[in-house]
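We call the chains A, B and C, going by the order they appear; numbering starts again at 1 in every chain.
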Amino acid sequence: MKMALRACLRTKPGLTGLLSQLSCSGHAAARRAPALVAQRSSSSTSQKIKVDFDQSSGVAVMHMQSPPVNSLSLEFLTDVCIALEKLEMDKSCRGLVVTSSQPKVFSAGLDILDMYGKSPEHCAEFWKAVQEMWLKFYGSNMITIAAVNGSSPAGGCLLSMTCDYRIMADNPRYSIGLNETKLGIVAPFWFKDTMVSTVGHRATEMALQLGLLYSPAEALKIGLVDQLVHEDQVLTTATETMTKWLAIPDHARQLTKSMMRKPTIDKLAANREADVNNFVKFITKDSIQKSLGMYLEMLKRRKA
Amino acid sequence: MKMALRACLRTKPGLTGLLSQLSCSGHAAARRAPALVAQRSSSSTSQKIKVDFDQSSGVAVMHMQSPPVNSLSLEFLTDVCIALEKLEMDKSCRGLVVTSSQPKVFSAGLDILDMYGKSPEHCAEFWKAVQEMWLKFYGSNMITIAAVNGSSPAGGCLLSMTCDYRIMADNPRYSIGLNETKLGIVAPFWFKDTMVSTVGHRATEMALQLGLLYSPAEALKIGLVDQLVHEDQVLTTATETMTKWLAIPDHARQLTKSMMRKPTIDKLAANREADVNNFVKFITKDSIQKSLGMYLEMLKRRKA
Amino acid sequence: MKMALRACLRTKPGLTGLLSQLSCSGHAAARRAPALVAQRSSSSTSQKIKVDFDQSSGVAVMHMQSPPVNSLSLEFLTDVCIALEKLEMDKSCRGLVVTSSQPKVFSAGLDILDMYGKSPEHCAEFWKAVQEMWLKFYGSNMITIAAVNGSSPAGGCLLSMTCDYRIMADNPRYSIGLNETKLGIVAPFWFKDTMVSTVGHRATEMALQLGLLYSPAEALKIGLVDQLVHEDQVLTTATETMTKWLAIPDHARQLTKSMMRKPTIDKLAANREADVNNFVKFITKDSIQKSLGMYLEMLKRRKA
C-alpha cells in the first residue's frame, strides 16, 4: 500500500509521473478514521464514507475513507452519490465540505481496476457512475467546499473542481491536475468544460495537452484552487469559509449557481449515452488496455 | 440623506453589506454641481444629467447628478438614455466619459423604489429602461470610459462594465461589484454575461454567488477595473486615456467592438420580453417584496 | 530595406506605430541563412523556407527566411503551407519549431503588396492562403512551438498564436500583437477567436480595439507568450521544451488538442467563402485602399 500511496505524491516528470494518474484500490482494508461527532450532530457512515452533519449550522462534512487512496471505484462512487443525494434531499443541510481521511491524498482519481480487463458492460456502468458523481456535485444546490488535504490527480481534481470553493494544503509534495494524457487517456469534454470554467481556455489547453500536475503554489497561481493553508488548517478553514457562504440567501445563490453552470451540465445531460459509448469504445481498445496493463505492472513492481 | 450616502461606502459583511446593494433616491434635492463649460464646448443639462461636450476634441463628459447617490430610477435611466442617444447621433462626438457629481458614489445601482410596492406594469417599464441603458451603453459606437469616482455597487457596477475602460478612485472606502444575491435578488443573464466578458467565468461565479463587493485594489487585481488613480485624478486620467483611444480610426474600432460584443447584445435583444417577464414575476413575489421592505425599513432606521 | 526592418521594431504610438502593422516584401533578395544540417537530419529548402528535420528526435525546425521581414505574401504563405503539409504527412515528424532567420523580426505580418492595388480576384487568392495557413497550423497534429526571436505584429502574432507554446526573446525593442485597427483594418473573427482562446475575452477586447503591440514583458503578463528567454536562447529553449511535450503519448495529446480547438476551426471551415468575400469587399474599398497607399508612401519616405 505504501507504494500506491507514494504514487500520489508529486513526482518528477516521466514514468513516475504516470503513477499519479490513476490508482488501484486493491483489497481495501477496513481502515477508518475515528468519527469525531460534535454535539447536536448526526454521523452516518457507509464503509467508505463518513458524513458528519451539524444540524445547528446546516453544514455536513463528507470524509472519504476508502483506503489506501480514495480511488473512485464503481463501488465508492456509488457510495459517494448516495451520501450526496441524502444530504441534497435534507432541506436543513445547506453546505457540504468534502475532504479525505486518508493521509497525503484527497483522491487518487478513477480506479484503474474498473477499466482494465473488464467487460464493456462493466466499463459502461463505471462511466455512468463517474458522470453521475459529476452531475450531482457540479449541480448541487448546496454550498460545496473541497478541503483538499492531499494530492488530487485526475478524477480527484475533477471532484474538487465541481465544488464552489477549493482550499488546498500548502504542502509542496502534493499535486493537483487532470493528468490523463500522460497515460494515453483523454479527458472527456465535460472534464475539459469544468476546467475551462475554472482556469480559462489557455491554461486548460496547456494542462490537458501536457497532463500537468500542479504544486499547490502553481495551482493557486492559475486559479485551480482558491486558497492555500497549512495542512492542519484545511478543514477548519473550510468551515470558516462556509460561514461566509451561509450568509447569502440560499434561493438567490442557488439560482445564480445554476445560471453559471447549467449550460455545461445540460451538455453532458443531453449526451450521456454517446459519452458512455465513446468511453467504452476507447478504453476497451487493445492499445489502451495494454497501456493500462503496463501501468498496473509498474505499480506492482514498485510495491514489491 | 447622509445615512443613505453612507450606505454606499464599503462596509463590513452582514446586514450593513446589504445597504450598498440598492438605493432609494428619496426626494431628489435639486443639488447640482456648477457647470464648468470650456471654450468651444456646449453644455446640455437635464435635471439629473449634465453633459459637457468639447467639439474640438470630440469628447463628451456625462456627469450624473441625481442626489443623493445617483440611484438608477426609471426617471434617471430615461434621462441617461436620452442624453446618450443625442451624443450617439452627433457624428462629431467620438468619445464619452461617464462620471458622478455626487460625493463618494459613482452610482448606487437600481432604485429600489421602482421595484417595491409597484404594479407589475411599473416594474416592467422600469426593467425595460434598465435593459435599454445596457443595450445603448454596451453597444455604443463611441469610445466609453467610466470615471468611477466613488462606490459602484450592483447597477452602478453594471454601468461601468458597459464602458470600454474603467478608471477607479484609489480609495479603500469605495467598493464595486454585482452584489445582488446579498439581498436575495439574482443578477440576470446579461449582467452575468457582461461580467464574464470582463473578469472571466470563475471570478464571476464567485462574485455573483457571494454578491462580492471589491475594494479598488481587489477590483484591479481581478480586472473589474483597468486602472486606479488618486481620487482627484480620476476625471483627468479619463481624458488623457481618451486621447489614446481617439488615435484609433473610428470605423475599424467600431467594427472591432461590435465583433466582440454583438453575440452578448443579440442574446438580450432576442429575449427582451421574456427577460422582462422573468424580472416582474420574480420581483413581485411576496418573499422578495418582503425582503425589499425590510431593507427599506433598515435604511430608514439608519437615517433616523 | 533597413527602414522596413525598423518598422518592425517597437515604436511610440502614432504614425510610426502604423509601421509595425503590415509590411511590404519588396524585391526579395535571395538572402538565405546557411543551412546547419545535423547528422541524421534532412534539410529541405524552398527559396524562403528552410526546414531542418531531425529524424532521431522527430522534430523539425522551420526557418522563415523571406527578406527582409518575413512578410506573409501569397507566395510565402504558399511555401509555408507546402512545407507544413509535407511534415504533417510524415508520420515520423512529431514536433515543429517555427522561427525566423531574419534579424529582429519573427514575421512582420500580412504583405500589404498583396492587398494594395490588386484585383478582387488576387485579394481573394491571398486571403484564402491566409486562411489556409491558419487552418493548417491551428489544427496541426504535431506539437508546434513558436520561437519568436523578433517582433511579431499582426499576421506574425497570429502565426505564433496558432502554436501550442510561445517562447519570445526578452528584448524590449521587440513587440507582439494584433495591431490591425491602427491602420483602419479589422481583425477577422478567427483572429479574434484565436486571441480570446489565448488571453481571454477582456484582454482581447482591449488589444483589438486599440491595436495594441505588447513588449515581451507585457505579452508574458497577459499570457500572449508563455516564456521569455535571452535572444540567444530562444531556439535552444524551444528544443528543450519540445522534449517535455514529446513525452506525452501522441494520440491522447492530439485528441485533446482537437477537443480544445475544433469548435474554433469548424467556425472558419464552415464560413471560408463568406469570410473571403467580406475581406475582399472591405479591402478593395476606396477609403481602405487610400489608407494602405498612404502607409506605403510613408514606408518609402522613411526608406529614402
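The definition used in the following text is that a residue touches a chain if its C-beta (ideal position, glycine included) is under 8 Å from a C-beta of that chain, and two chains touch if they have at least 3 such contacts.
Quick caveat: nothing in here was measured; it's all calculated off a predicted structure.
Peer 1: Once the Cα atoms of chain B and chain C are superposed, what angle does the rotation have, between 0 and 180 degrees and to the nearest 5?
Peer 2: 120
Peer 1: Looking only at residue numbers at the chain A/chain C interface, is the share used by both copies over half or under half? Answer same or different.
Peer 2: Since fewer than half of the residue numbers are used by both chains, the interface counts as different.
Peer 1: Taking each chain's centre as its mean C-alpha position, how far apart are chain A and chain C in Å?
Peer 2: Centre separation, chain A to chain C: 40 Å.
Peer 1: Give the residues of chain C touching no fewer than two other chains, as numbers and ranges.
Peer 2: 200
Peer 1: In their shared complex, at which residues does chain C touch chain A?
Peer 2: Against chain A, chain C makes touches at 164-165, 196-200, 223, 226, 244-245, 247-249, 251-253, 255-257, 259-261.
Peer 1: Which bits of chain B are touching chain A when the two form their complex?
Peer 2: Against chain A, chain B makes touches at 13-14, 180-187, 189, 192, 200-202, 204-206, 208-211, 287, 291.
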